[in-house]
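Before anything else, here is the set of structures, which you'll find just below.
One chain, chain A, appears in both complexes that follow, with chain B as partner in the first and chain C in the second.
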Partner chain A sequence: MKNQAFFAYTVLVCALLLASPTLFVFFSWLSPQWQTWQHIVDNLLTDYFINTFALALGVGVFTAIAGTLAAWFVSQFEFHGRKVMQWCLLLPLAIPAYINAYTYSGMLDYFGVVQTLTRELFGSSSWVPEIQSLPGAIFVMSLVLFPYVYALALVAFSQLPQSHYEVAKNHGKTEGQFFVKIALPLAFPAIFAGAMLSIMEAFAEYGVVDYFGVPTLTTGVFKVWFGMGDRLAAAQLSALMVSFILFLLLLEHYARRKQKLFSNKVLKSISRRPISKTSTALGVYMFLISLLALAFVFPVTQLLYWAYLSILAQIDYELLSLLLNSFKVAIVAACAVTLLCVFMSALARFLNRSTTNLGIKIVSLGYAFPGAVIAVGAMIVLSTMDRQINVFTQWLFEDKVGLILSGSLFALIFAYVVRFATVGLQYVQSGYLTISPHMEEAAQSLGKSKMQIFTKVHIPILSPTLAAATLVVFVDVLKELPATLILRPFNFNTLSVKTYELASDERLTDASVPALLIILIGLIPVVLIGRNKIIDA
Partner chain B sequence: MKLKAFLLSLPLLVTSTVALSDELNIYSARKEALIKPLLDKFSEEHNIKVNLVTGKADALLTRMQSEGEFSPADIILTTDVGRLERAREMGLTTPVESAVLNQHIAENLRHRDGHWYALTIRARPIMYHPERVNPEELSGILELAGNTWKNRICIRSSGNIYNQSMIAAMMVKYDEKVVQDWASGFVKNFARKPKGGDRDQIKAVVAGECDIAIANTYYLGGMLADSNKANADIAKQLKVFWPDQEGEGTHINVSGIAAAKHAPNAKNAKLLMEYMISEESQRWYAETNHEYPVRDGVATSELLQGFGDFKAEQVPMAKVGELNKAAVKLMDKAGWK
Partner chain C sequence: MNTILELRDVSVGYDQSTIVKHVNLALEKGEIGCLLGASGSGKSTLLRAIAGFHPVSEGAISLKGKVIASTSEFVAPEHRHVGMMFQDFALFPHLTVGQNIAFGISDSPEFKTQERRREKVLEMLSLVGLEGFENRSIHALSGGQQQRVALARAIAPQPDLLLLDEPFSSLDTDLRKDLSYQIRDILKQQGISAILVTHDQNEAFSFADKTAVLGEQSVQQWDTAYNLYHMPVNAFVADFIGEGCFIEGTIVDEDKIATALGVLINENHDFEVSSKVNVLLRPDDVLHDDKSPLRAKIVKRDFRGANVMFTLELSQDSVGTEQKGNLHESVEQVLCLANSHHIHSSEDSLAVRIAPEHVIVFAK
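Coming up: the complex of A and B.
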């Protein structure tokens, strides 16, 4: 029992350490900046609220629908090209949202390929929708975010037992009824978790909304911080923003509590069936292909064209070192996140205490903060520690060791872990939901230790989810920009930094080469997973 | 095996120590491509190892602030005077006395005690479509609030630092009330809600969404020199108009340099600052981003000469930096999104 308490507090301490950069943001409210707030409330807040919620809602709904339907078709039906489609639908994850925004702007603006073509064909291009708008922001963000829902829903659908389907069929239920009445409720926690990730990302997104001129709470944070030089008020604004996420997480917690439904790996999952009606099959094809085209093929083609125009000027050793750097930090951070999340989730599972669950909730907040806010939080925490270390070594050896934490890659990895632990946890936790406690009880009654239950029961069942989590975090880190920009040490650049530097000078043609490389490395884990059929439950 | 080797290499990966021999550490808000070649040359000529980290200005300043006296930074390079001035206000800079710098940099382009020095000038003129706008119609920025410009103006959002500095400079030149009234009228003349970057405003003029745009010259320059010829073809269709030539002069901003307060290599820092003002450095540094050199007698690039000469406003840059916050508030009140 004593041991249990020890572990429970270990989790909590881990959680608090990871949450320290974000907690720091909440403490900013200890000295409210009323004057700046007066100005924000009078002139800005209404716009910020409307746009932020519209964006979050739009992205949440769009990703949930697209991701769920795509996962449903791919997991349940047999059709030509299904396997390729299954992993291709993960590809859009590799595209950074702001690159997608720039690329779609390039395609859809007056001089872009779409308007030029329509002018040539129909004489006018005025009906082409304006991409630099709120709906446009929802569109470009949803396209890169729906794979979150897709990946989680795919795992959930693939673990539905054949017996459920047969029972439904024997009761005369149609495919549609089975999907709505049985499959959807069972997969709901997974879908919700994926949609939550998208929503958090929508809350925290800066690049897209800033470029499209859609003022949200996040652009507000930067306006107050950079424009007005009021760091405290900026922190307060992001604390406010995160309170909404907190509310959503509580909702989710509530939703999950009601959904204690487990499926077991031992049961045979539903075998895929052919689509009977030709029109339905056509509809499914149309849906999947247009989703993939919009989310991946079109933007990547545009980038390839730009790269073709500028590549000769850019191939050099620097590009190679950027590639290696990106790869290095992404893989270290992804492994760290997954290990940490499994560790915390496993302990939470065995202990089932409010302290551990609280710890996990705290860590889950990281994703909702704009990356830059996390980075600054991490920087302040680490450099405070560094200063103490230096004061100490100066006293001890009369020499200072320098900024060993905040001035090294440690800071970067730490910030990545803080920010993306949420992603890992969403995956691992929803994976744990599919493990029935009966299996643990059975193992326990066979005299297996907790460690054995973990390695022999949990890990095999979780492995597809773990692989998916590592993949997603790897790609997320690869794309990550604000924290990388703020915390990286001297002479250390990554592909995303390079892409940003060119794109922010609006040199899109030149930015396309590093941007494509990000996508290319992002493809490696996707292809690996596709080939090994890890998510092919 | 591979995994083991990988794990063993982890500690190497995450700790990097900065040696303190003949080095120079730079925090730069100016993009790597626009500074690195010059630093490499400096490094070679003076046998000093230069360490560089780039980022957004305010983030770098926050980083320095939290590093405090242990900050390794010797030099801050940043665009926009607002940031230079903010660095000084935050107590991150130290005055540098240099006859060379004082000789070549005009008084309004440097801090009075030498806390920071401008290195290049960037101008923000009007760009117009010659088929739809007669340059006779144009005069000063203040005149753009008039009714004749209804639905004809494109400019990016108020979150953008170039706009913030432009308004701050106006607040130095004119009464706040005048600027506030002007801003309300000006915003009403926008052809569309502000969005996109400076290049997008230029494109919008050519696309016919608006007749004039306000943008920094180096965006037009960047488009003209773009590896994508389509961009050059678009940019060619616009002409540059230098506003306020009869009055105060066209709005300019600067990119600049400052020495860090706790610089461990202060001597090298000064060396670099003086290196940056040499004729050769000035030419390259300005030309590479289509900006104007601060040093007299250094020719501007051919591309910029095509835009014509202009009279720049003479407002004290430090004052512009101080007024940044007030400018943001003024724009918010005017409904400039």
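Coming up: the complex of A and C.
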């Protein structure tokens, strides 16, 4: 029993370690940087607020509308190419928003394909909208984020009971009335949760807003950290962001709690109907095809064209080292996340105490926090630890070891683990749901110890889930930009950082190959997991 | 006799609330017991306490004379040598049928070698009638087959006691009966002591040698099916088991009770003369007899194939004049199970005769 308490606290300690960067940005307020804040409040904060909230709101509204409509069409109606369309609509998830931003900038600038074409056709291209703006940021971000809403709404719409539809028809309701009065209210919690995920991504986004020159709280953190060199004020600004996000999480938690109310019953789920009117069918096709074209086909085609122009110049030793660097950190971080999550989940499962469950809850919050905030927090935590270590080694060996934590790859990997532990945990926890407690009890009554249950029952049953978790975290790490920019050791470049640097230097053509590599790798989990998930649902 | 399992004054519960209190029962070696009760009666919790998955809050559980659970002692489930079967089968999806069955014997010295284990698996498969299924995947089996694999897995290590937690309730009705007969035969043939948990009294009666009726937070009666039905110890058991009605009676003397259906004989009662009592009448105690002068109004006919269950109302008129003095005002109902060839569909009353073999009387 003493052992149990020890292990239960281990889980909590792991959770607190993962939460430490986020907690430390709050502690930064212990020594407020009034001078820097004076400047921030006078000159920057209003813009930061307006832009951040407009961006979040815009992305939330657009992803909700596009995702809901797309999910409604493919879940309710039967038409040619529906099945292909159903999973193609997940593909935009593979494109990081910042790559979409670079690509659209290229497509829409003066020498880009759109303006060139309109000049040839109409003589003038002055009416082509400026993409490097707040509406432009909302546009490119919504295009890659709507699949969050789409995936959740698709599941909710597919689970609508057939009987609901028949009752509506019996009472003389039209398709439109069924959608508005029955389907939408029932699926609302799922749609809301999906929109919330997009909003939190929009909140955390750095690459897009930095490139488009739209100052938000995230670019503010960078500006204060690097531009003004005031790390504490950067942390304090981060704390402000974290407070907003905690509020959003609360809203999301509330929406998800309501979602549970109707998802448990096993009823015959709704079957797809043919579309009766040709004009309606045409409209549906137009909507779905243009959504997919804007979100995936156009940007990928543009990138492929750029790559075609410059492929020979780009495939070189540097690209190989970029790939190696990216893979190295991503594999280490992904394995660390999976191991940590299995360790925590297994203990939580066996002990089932309030301590362990609290630990799991703390880790579940992590994904919501922006990479920039986590990087700032991690830097503070690790440099504090470095100082202590150096004081200690100075005293012991009369020598300093330097910045062994904050100045090395350790900092980067630690930040990745903190940022993506939630993703791994979600997978591992959902894997554990497939193991019924009765299986453990059966094993126990057959004379097996806890360790044997873990190795002989848990691990074999979980193994596909663990592989999926590792893969998803691997890809997330590979795509990650803001934390990598802040924490990478000097001269250490990854695919995402290189893409960012080349795009910032307006070398979009040269950025295309690393960008395509990121998208290609990003497609693996979308195709493997997304497809299964949708079909299962 | 050789007691395998004994519960002495056992109470179980969650946190502050007790679910079942002061349970006393003993199971002999080779006997099959049953815990029967409605949902929430605590039958499963009691079973889980025997398995070691739930603590006891009072009393002691002993297996083969050794205390395995009490407030001071606790033997971990993996060391109890008690097998368990579940409603959801709980087979391991990543293992084949053969590997599932071998799961519990792989560490035992007796089955160290591959050949010994394989031998045992084949022996178990033939016992449960699944020869040739050794390498099948669990997903490829039907529900009944899965439960037979679960049985083979549970008894392969030769447990001292087998616990079955509603093992048939996820199967359809026909399969459920067949499988319960098959499993009972296997247990009896192997001499395995077992405890079944169920809410289905027919299942309890056909499966178990002795049944504990759980209700109102305790074991009401631990007895054979015959005794539970014909000699219930209290009104709860009488009501819970089988069908029947209570009619009012008045004690005439030490062996006679006057009722609306005539005077009944019970030599063992210890009620005072002229006190009012409830008399239990089972549907088979009330016989249809056209020669009987006693007629009762038919309230409901429930056609059941071989029989018809009549719900009869006893009114003042239906009873002979000599008994009218003993009657109370309210209307009483009894059930009568009659041969279905004479459904008496045109009549509104039925001639009945009362012939209880056991007159069961409870205080009113």
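Everything below uses one rule, namely that the second predicted complex is superposed on the first by the 322 of 537 C-alpha atoms of A that agree within 3 Å, B and C clash if a C-alpha of one lies under 4 Å from a C-alpha of the other, contacts with A are read in each partner's own complex, and residues count from 1 in each chain.
Note that contacts are C-beta pairs under 8 Å (C-beta built on N, C-alpha and C of every residue); 3 or more make two chains touch, one makes a residue touch a chain.
Model, not experiment: these values are computed from the prediction.
**Student:** A:Ser126 in the overlay: touching chain B, chain C, both, or neither? Say first, second, both or neither.
**Tutor:** neither
**Student:** Could you figure out whether chain B or chain C reaches more residues of chain A?
**Tutor:** B
**Student:** According to the stated criteria, A:Ser276 is in contact with first (chain B), second (chain C), both, or neither; which is it?
**Tutor:** The answer is neither, since A:Ser276 touches no partner chain.
**Student:** Of the partners chain B and chain C, which touch A:Phe222 in the superposed model: first, second, both, neither?
**Tutor:** A:Phe222 contacts chain B only, not chain C.
**Student:** For A:Ser354 in the superposed arrangement: first (chain B), second (chain C), both or neither?
**Tutor:** Once the two structures are laid over each other on A, A:Ser354 reaches no partner at all.
**Student:** Where does A:Asp109 make contact in the superposed view: on chain B (first), on chain C (second), on both, or on neither?
**Tutor:** A:Asp109 sits against chain B, while chain C stays out of touch.
**Student:** Look at A:Ser406 in the shared chain and tell me whether it touches chain B only, chain C only, both, or neither; answer first, second, both or neither.
**Tutor:** first
**Student:** Figure out whether A:Asn170 sits in contact with chain B (first) or chain C (second), or with both, or with neither.
**Tutor:** In the superposition, A:Asn170 contacts neither chain B nor chain C.
**Student:** Per the contact definition, I'd like the list of chain B residues that touch chain A in the complex.
**Tutor:** Going by the criterion above, the answer is residues 10, 13-18, 25, 31-33, 51-60, 62-63, 66-72, 86, 156-159, 161, 164, 193-200, 203-204, 206-209, 219, 222, 226-231, 234, 324-325, 328-329, 332-333, 337.
**Student:** Mind listing the chain A positions that touch chain C in their complex?
**Tutor:** Against chain C, the touching part of chain A is residues 436, 438-439, 441-449, 452, 456-457, 460-461.
**Student:** Touching chain A in the complex: which residues of chain C?
**Tutor:** Checking each residue of chain C against chain A gives 51-53, 76-84, 86, 88, 90-95, 103-104, 107-108, 150, 153-154, 157, 159, 163.
**Student:** For a test of understanding, state which residues of chain A touch chain B in their complex under the given definition.
**Tutor:** Of all residues in chain A, those touching chain B are 39, 43-44, 47, 105, 109-111, 132-133, 210-215, 219, 222-223, 225-231, 306, 309-310, 313, 328, 332, 372, 375-376, 379-380, 383-384, 386-387, 390, 400-404, 406-410, 413, 482, 485-493, 497-498, 501-502, 504-510.
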